[in-house]
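Two complexes, one shared chain (chain A), two partners (chain B, chain C).
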Partner chain A sequence: MTAQLEDLRRVVLEQFPQVEVDPDVKWGIGFRVPRESLLEVARALRDMPGVTCDYLSNITGVDLRDRLQVVYHLIGVSSGAKVVLKVDLPPDDPEVDSVTPVWPGADWHEREAWDLLGIRFRNHPNLKRILLWEGYEGHPLRKDFVDRRPQRERKVRQR
Partner chain B sequence: MGVEREERFGARLGNVKLARRFEEIPPERVGSQEAEFLPPFWRHLPGVVTTTVQNLVNWARANSLWYYPIGTACCAIEGLMAAGMPKFDLDRHGMVPWFSPRACDVMIVAGTITEKMAPAIVTIYEQMAEPRWVIAVGGCAINGGPFYQGYNVVDGVDKLIPVDVYVPGCPPRPEAVLQGIYLLREKIREAGRKRRQEGLP
Partner chain C sequence: MAPEEQLFMKGALETRAPLPPDLQRETIDLNIGPQHPSTHGVLRVIVTLEGETIVDAQPVIGYLHRNHEKIYESMQYPMIIPMTDRLDYLSPLTNELCYVLAVEGALGIEVPERAQYLRVIFAELQRVLSHQLYFGTFGADIGATTAFVYAFRDREYALDLLDRATGARLLYNYFRIGGVRNDVPDGWLDDLAAYLDYLENRGWPQYMDLLMKNEIFRARMEGVGILPPDVAIAYGASGPVLRASGVRWDLRKHDPYCIYDRFEFDIPVGEKGDGRDRCLVRMYEIRESIRIIRQALAQIPDGPVMGKVPRGILKLPKGDYYQHVDAPRGEVACHIVSDGGPHPYRFKWRSPAFVHLQLLPYLVKGLKLADLIVVLATLDPVFGEVDR
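So, the complex of A and B:
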């Protein structure tokens, strides 16, 4: 199956009926993917002839209060394809498959999303905090984050 | 290093354990101004001798301030690099950037202090020999600036160590940093004067 850029949208929708098109996306073509089928959609987009989204540009996590969202920006280096995948997660169980088997560069991006938003990535090789230290309480970019650090007093030297 | 401390600051860099609770630095370790004055032996001499010697020591100290630069953000470009380069030239005041805290007199903190950086700042401050002074350059070092109450930002370096001169600005111009240094030199030259006026030993 050879998919040119024009009918990339049609081919993806035919192959995966559970995927919807996101009309809000202005950067390339956007898809809303249920979290169960993220890994197969990602693998299909990477291996699709004529498209080959072989470069994972960015992984972002968003807290939308009623749900958490993971946004994947994909680029086909040779074909010039630009694809956005959005996965919605419930805030009480934010778990999604890791895409490190598909793009190994997703490793640190997913660790950052875990660090700051608390999104768990299943089968990630090394899912631990990357920016904050181990033992930090909570995930600071969540909307309901409360800073529990103790109040510090000013240090004043006796004169 | 208790278990509770490791839970709170468990950050490790290689084999160097940075874990530490600096909120609990006892006040006696913050440092006093006692080292700015003459040793107690000198205070039994006649007043004209102590005054002269104290003034001489203050003159020497104010004109040879070696500084330890801590540039963690953009203020380092204005407050340390531009002020230290030939146009504004801190060298003409006898100020030399020196990268060993044990040989430094003044620490210039320019930039945002994060929680991970805080143990290093306190360690460097404790390694400096007394008398020691601190200049906080820029809004971030004064009270956090644009990152005030950020989840990973210490709201001002004076929450960790005592600060002598604050230089506001975001970032301040090198002239402002120079004025802060002049203020600090003035402060050093006047050390001991108030104590003499009050008749303290």
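So, the complex of A and C:
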């Protein structure tokens, strides 16, 4: 780990005692963030001198069966820092603050996570389905999703 | 009436309803797409117009959605490679590259030298092809149809080269976990060098003379759809779109993968971030790619093209893996979450065109309707990867 990331880790842990380092993350440095403090941590990372994580690469929603998880991959364009934030959500109330005020580019990523995994983002400007159509039932990337369409007939050529 | 239809009909209904006396100006909603010759696929844009000026433009996507990510969850790792071709079908090799790098990184597979060089050669040739196609279709979008003929004339040679090496013209399925599928045929590298000479000395200068230096083109494109660098970064723009705004950021240099750190090349950047800069950056990237391929051709060693891959069914260790590469359209990344089984537990693609399309409302606000198509074309979206 470079000195720069070491500094970042120290500053984040000092400023936010509720945040933990995730040792599984191999891409840069990973933090586990409680959902209440996500927005604060995101803002602090974006404005942190030296490592400004101003570029949001990706948001992934993951259904881990016992909980839902949202993973944020951040990059500092000028510093080259790579940071991963992970937020765990209970499956019966999967709601987390939207990070669109911090990175406006999060808009469609969050809509996609809502569409395919049913994760709600509080204060999102336009939380509607994006890839599927309005009126679609269920969220296909949930592990308990059942495809209700009728089975298609299999055509097998007899020789 | 379904909400979708209501939105669709809103403009028509509003114009028929009597207007309140105090209402001085009215806006109408115009629906463009989902099938429109200049949207490069199936995109629908709901444009709110005041006269001919755009007040708002909301892209509606999902018409090509196949839920790749769900399909991958029931596939074994080597089976996914041909699927990645279907995302950005105008640059399949960079998608494959991103995926195989992620799996190799997770399993710690060493790739032989010759395969490393072949990967760089193919990825850069793919960038040349993609930008050529961009040049052609962009010309067609703004009404300069001759550009299309020039671009496709040169693209054909390169497609023949790819056909000879991989057996396909569009969806190559060439990279493998641990290397590449097969070595290139005898004489292929010489033919590629001859093609690069042709492109650099004849094809590329013609593109520049025909369109980029053209007075009419400059008058049309300069100052249209200006994207300031801070906005570009905040929205997550990457690749040529970000570089046209003057941000010198390229993953090949700043987070090197493969063997890109062995080559010398420049990162072309724009000055103003307008439509013309976005075209020019792509044009100059063709030249830089030619430079990289030339260096690779000079250095490429002999040897095997496949490394040692574990036998049997590939299983990624439990954990999550992230890999990003600089594709012709921007940052392509894949995020694999593995539970230790033979299938990915969760697979997520980050596609640049999906992110860039969010910029459309920002870019076109206040422009005329005719600029919408032009600005959309400068973002170079491919709907295979937007909708996934």
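Going forward, the second predicted complex is superposed on the first by the 143 of 159 C-alpha atoms of A that agree within 3 Å, B and C clash if a C-alpha of one lies under 4 Å from a C-alpha of the other, contacts with A are read in each partner's own complex, and residues count from 1 in each chain.
The rule is simple: contacts are C-beta pairs under 8 Å (C-beta built on N, C-alpha and C of every residue); 3 or more make two chains touch, one makes a residue touch a chain.
It should be emphasised that the depicted structure is a prediction, and the values quoted were computed from it without experimental measurement.
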- Per residue count on chain A, the busier partner among chain B and chain C is C
- Message: In the overlaid three-chain picture, which partner chain does A:Glu134 touch, first (chain B) or second (chain C), both, or neither?
- Response: both
- Message: Just checking: does A:Leu56 make contact with chain B only, chain C only, both, or neither of them? Give me first, second, both or neither.
- Response: second
- Does the superposition put A:Pro150 against chain B (first), chain C (second), both, or neither? first
- Message: Quick check on the superposed pair: does A:Pro17 touch chain B, chain C, both, or neither? Answer first, second, both or neither.
- Response: neither
- Message: Just to be sure I follow: which residues of chain A are touched by chain B in one complex and then by chain C in the other one?
- Response: 131-135, 140
- Message: Applying the document's contact rule, which stretches of chain A touch chain C when the two form their complex?
- Response: 24-27, 54-58, 60, 62-63, 71, 73, 77, 80, 82, 84, 103-109, 116, 129-135, 140-141
- Which chain C residues qualify as touching chain A in the complex? 2-4, 61-62, 65, 67, 69-70, 233-238, 247, 249, 254-255, 319-322, 324, 331, 333, 335, 337, 345-346, 348, 350, 354-355, 357-358, 387-388
- For chain B, which residues are in contact with chain A within the complex? 6-11, 23, 25, 30-33, 115-116, 149, 151-152, 154-156, 158-162
- Query: How about chain A: which of its residues touch chain B in the complex?
  - Reply: 131-135, 140, 145, 147, 149-150, 152-159
